[in-house]
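Shared between the two complexes below is chain A, which pairs with chain B and chain C, respectively.
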Partner chain A sequence: MRFADRAAPALLITLTLFVFVLLYGPLMVPIVSSFFTVSHGAVDWSQPTTSAYVALTQNDSVLSALWTTLIVGAGAVVLSVALGTGLALYYASPHAKGRNFLQFIIFLPFLMPPIITGLALLIFFRQVEFERSLLTIIIGHTVFVLALVYRTILTRLQSLSGSLVEASYDLGASSWQTFRLILLPNLSSAMVGAAILAFALSFDETMITLLVTGTQSTLPVRLWAMMRLGFTPDINALVALVLLFTTVLCLVAVRYLMPASAISGSDDN
Partner chain B sequence: MAEAGILLKLRSVSKSYGATAILHSIDLDVHDGEFITILGPSGSGKTTILRLIGGFTQPSGGQILLDGNDIAAMPINRRPFNTVFQDYALFPHLTVEANVGYGLAVRGTPRAETAKRVADALELVQLSHLGKRFPAQLSGGQRQRVALARAIICRPRLILLDEPLAALDVELRRHMQTFLKSIQTEIRTTFLFVTHDQEEAIAMADRICVMSAGRIEQIGSPHEVYYRPGTEFVAKFFGENNLIPGTLGPVDGATRSIDTAVGRLVCAIDGQPQIAALPAGSPALAVFRPEAVGIGEAAEGENRIAARIDQVAFGGASTMVNTAAVYQPQQVLKARLPSRPDGTSLSQGETVRLVVPSSACRLVPA
Partner chain C sequence: MSERAAPAGPSALAPWLATIAAYVVPLGFVLAPMALFLVYSFFSVDHGSIVFSPTIANYVRFFTDPVFLPIFWRTCLLCFTVALLCVLFAFPVAYFLTTLRGRSRYMLLVLLLVPLLMSYVIKIYAVRSILGGNGMLNRALLATGLIDKPSMLFVFNLNAVLLTLTVLLIPFAVLPIFLSLERIPKALRHASADLGATNAQTFWRVTVPLSLPGTLSAMSFVFVLAIGDFLTPQMVGGQSGFTFGRIIYSQFGTAFNWPFGAALSVILAAVVILAIRLGGRLESKHGGAK
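Here is the complex of A and B:
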């Protein structure tokens, strides 16, 4: 037993490290490569350079794709947070009808393969003769990220004591006052966290965008187009930047989504 | 029609969830200015009564009358009542001052007046120095007092308290009982206090409403429910009563006899017309408290029961003597005697005579 006691943790640590290398190792390749140039099909390891990053800043198609991505992300965030908050409040209200069905509908586009969601949207837009544009991308992204936003806000809502709302009414507040003065302040950090996660998801969403876009390309779609012409250091640089950006967003989001007690260190007995 | 002195009337109020009945036809008057306690074990429906009055749930039947008007349709935020919740329900993102002032702020009370009344309320609950803190930075007892200040600031006609002391430790709970009672006396507002703790109910209430399984068992002063239980449930709920089953004999003025396996006992029935009205031969229980029992020749009283001592347990101020009746060995009888510095002369196995005055013996229907 002694041996097992000591061997088991060692084995687990090794396994964990292996998984980490497997998961994150490949990510290091483009990051490292982005700092070197390629000539005649071979990487020149002798001289690290940031020339690929400089080239990106002068690439108009990349810059306009970045701009599109930011607009789409912002639009999807605003729509999904507004919708997600409303739906979560509805789900948690004691008189809600058909809440499980509603929740299923919200989760569906997130759980289905993106290509199905994208195709469904494409067919829908075609049928109702809705011209594909920036707006259709925003709608597509909203449908996709709504589940996450909704769930994040609902989780926070359900962690609040139900008597908070009752106490507010008891003290004479109206529904609107209760929402604005009690619910909103207690949900706001979850809403910010959900918004950041939604933005991160929207930022690198590719499949749905490809299907519902008109003439615009977002950054991932642009990246996809560039890769068809072969791997170049600016692709690596772009991947590295997207990676960095998404990671930072997720780290910030986690901070907002932690329970309040874990941040302020309050003793909630 | 408003009746003088009665703030709130519950008439045949019932509540059920689906097929499960929580309350059966409750009739209850809440008097103006009183401290009334709804007492019962969990599941007795006591919190449901509070929630119905507060407007958090709707009755399935019956009427709740405020000044003679049914308030069934009155929304929570219009009712002139405020609640102290079991988990306090303090708003975590607001300071103590903002929590206490919330009820005034949502009504658009001018800022200067709100500030003044918040300061007064905090002074009343002795928390003036903690106004800028957040609820998470307070102890349980302090949160409790913030919740109370928040409830009284709107000058409600009735304050509903839902087991507010349950989360506190024993010592703090005792302190808060005295504190709550003194606040209630000071602001002269009606308190409706829900608890499962008999000692708490006795310590604070003007009247106690004892509940069991969705029904009111008895309503009366603490003294009444303690010494004159109306039902077997109440007799058992208030501690270590002795209960002896038997059949009722005839009424003799203010007393009535009961024939039991340990002999005929004479019990007082003054103030209990419902006991006097029972036909002779009905099953009933004789009830008396251990502290009413005397032991030996010197003790005075009409009822004498021969018993064998099982155990003598010294308990500080008093000594509990557990005995078994000689003529009915499975009948346990307890006597609580004042302790003496030189100890007791009673010993295990000894046969003694238990003496119970008829004035301390009561009857409840079986």
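Here is the complex of A and C:
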């Protein structure tokens, strides 16, 4: 047993390191390769170059996909934060009807595989003769990220003391004043954190987008189409940039949410 | 937005308006599409157009056709294996996290969270570049002399799907396990040691059983994510790596049979609900015991 007690921590560290290599190692391949040229399927390691990055700035299909992604992300963030805040306040209000049923519906697109959410929306849009467009992507993303935004804001709302709101009413504030002056300032950091998370999720969303998009491609959809053709420096450069961007986004979101709600928020699943 | 945002005001009408406003989007854009989807699974297709009269033919086809049921079971088995592997990798990591304190624990947790938000297609692409016939793994194996020609065991087949999904989904398994490990009161472990148990005994007879709910919910979580995926099999599965998700997706593309695709998705949804309930039920059962 003595030996086991001493060997166990070493084994733990080794396994943890191995998992980190599994998680991050593969990502290094495209990042490093993006600085070299590829010819005949093999990377030419002789001289590093940033030509792939320069080429990206002239790639119209990538730039327009980036633009689409940003519009979709902004739309989904605005809609989901507004809706999520409203729904969280409704859930917490004493007049709410069918709370748990409503919450169940909100969670559905997050619990169900994206292929189901995407297909359901696809059939729905077709049935109500709603042309597939940028708007359908925004709706798809909003429905998808709403659960997370709602949950994050509700968690913060429930951690606030009820006496804050009562005091505000006692001092004669209207419900609008209470919302604007008491609740909103207390919820704002959760809202910002949720907005960043929502944007990050929307930025990467591929499965629902593939199903509900018309002719537009978002960046992941564009990447998906490019990747099926092979392993090239321009894909690698784009991959490196996207990874950099999402990592920064994630670290910023963590700063807003980490200590209290991020951990308990992910507990629901 | 404002009447919904404000907590119910003094007017008698306000709560009703708020209720209507709160339900519009969830009912209109989540429940209605899902319900329509269920209805579609009872339609059929004739010469490329959808016939809107109810039939159970799609479900009959799924259960009788020699193609779909085997792929369905194979996919379930594949995703179960992925879930098992993910938990095997995630458990030591989660356990290691609980042994850390303060800043290093926080940093490691963040490092585990970052890949969660990284683009899914990029991760698949990155793993594919490792697994390919000419990929890093094969070259490393060749260089070490373990094999003398590139191995095709994990090149564009179901094994590649298995390995890719496992690498992609490990972080999702770490969190639930970490949370359940963290919730185990330290006093229990101290008590076990006081009663003369060795560290190994305490680990196997106190820690592991008490972390079971988190481990099981991690498994169901990974299973659900794996079974709904159609991008990974499409990208690394090649010709032989057909999975249930991929078949559903093809019904909406090349095969163009939306009602049949809807029926297959309803079956997928049923499996997902079952997996979630199984994970959750065991969690509440074991959770209640402690």
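Note that the second predicted complex is superposed on the first by the 249 of 269 C-alpha atoms of A that agree within 3 Å, B and C clash if a C-alpha of one lies under 4 Å from a C-alpha of the other, contacts with A are read in each partner's own complex, and residues count from 1 in each chain.
The rule we apply is simple: contacts are C-beta pairs under 8 Å (C-beta built on N, C-alpha and C of every residue); 3 or more make two chains touch, one makes a residue touch a chain.
Since we're looking at a predicted model, the values are computed, not measured.
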Original post:
If you stack the two complexes on chain A, which partner ends up touching A:47: first (chain B), second (chain C), both, or neither?
Top reply: neither
Original post:
Does chain B (first) or chain C (second) touch A:185, or do both, or does neither?
Top reply: first
**OP:** Would you mind checking which one, chain B or chain C, touches more residues on chain A?
**Re:** C
**OP:** May I ask you to decide whether A:173 touches chain B, chain C, both, or neither, giving the answer as first, second, both or neither?
**Re:** first
**OP:** Quick one: classify A:163 as touching chain B (first), chain C (second), both or neither.
**Re:** first
Original post:
Which residues form the common part of the chain A surface touched by chain B and by chain C?
Top reply: 174, 266-267, 269
**OP:** Spell out the part of chain A that touches chain B in their complex, as residue ranges.
**Re:** 161, 163-164, 166-174, 177, 181-182, 185-186, 260-261, 264, 266-269
Subject >> Contact footprint of chain A on chain C as seen in their complex >> reply: 1-2, 4-9, 15, 18-19, 21-23, 25-27, 29-34, 36-37, 40, 89-90, 92-93, 95-96, 99, 106, 108, 110-123, 125-127, 129-130, 134, 136, 167, 170-171, 175-176, 179, 198-200, 217, 221, 224-225, 227-231, 235, 245, 248-249, 252, 258, 261-262, 265, 268-269, 272, 276
Subject >> For the chain A and chain C complex, residues of the former touching the latter >> reply: 1, 4-5, 8-9, 11-13, 15-16, 18-20, 22-27, 29-30, 33, 41-42, 82-83, 85-87, 89-90, 93-97, 102, 105-106, 108-109, 111-116, 119-124, 127, 139, 142-143, 146, 165, 174-176, 178-179, 197, 200-201, 203-204, 206-207, 211, 220, 223-224, 227-228, 231, 235, 239, 242-243, 246-247, 249-251, 253-254, 258, 262-263, 266-267, 269
**OP:** Name, in rising order, each residue of chain B that touches chain A in their complex.
**Re:** 54, 56, 75-78, 81-83, 85-87, 89-93, 102-103, 106-107, 136-137, 140, 150, 154
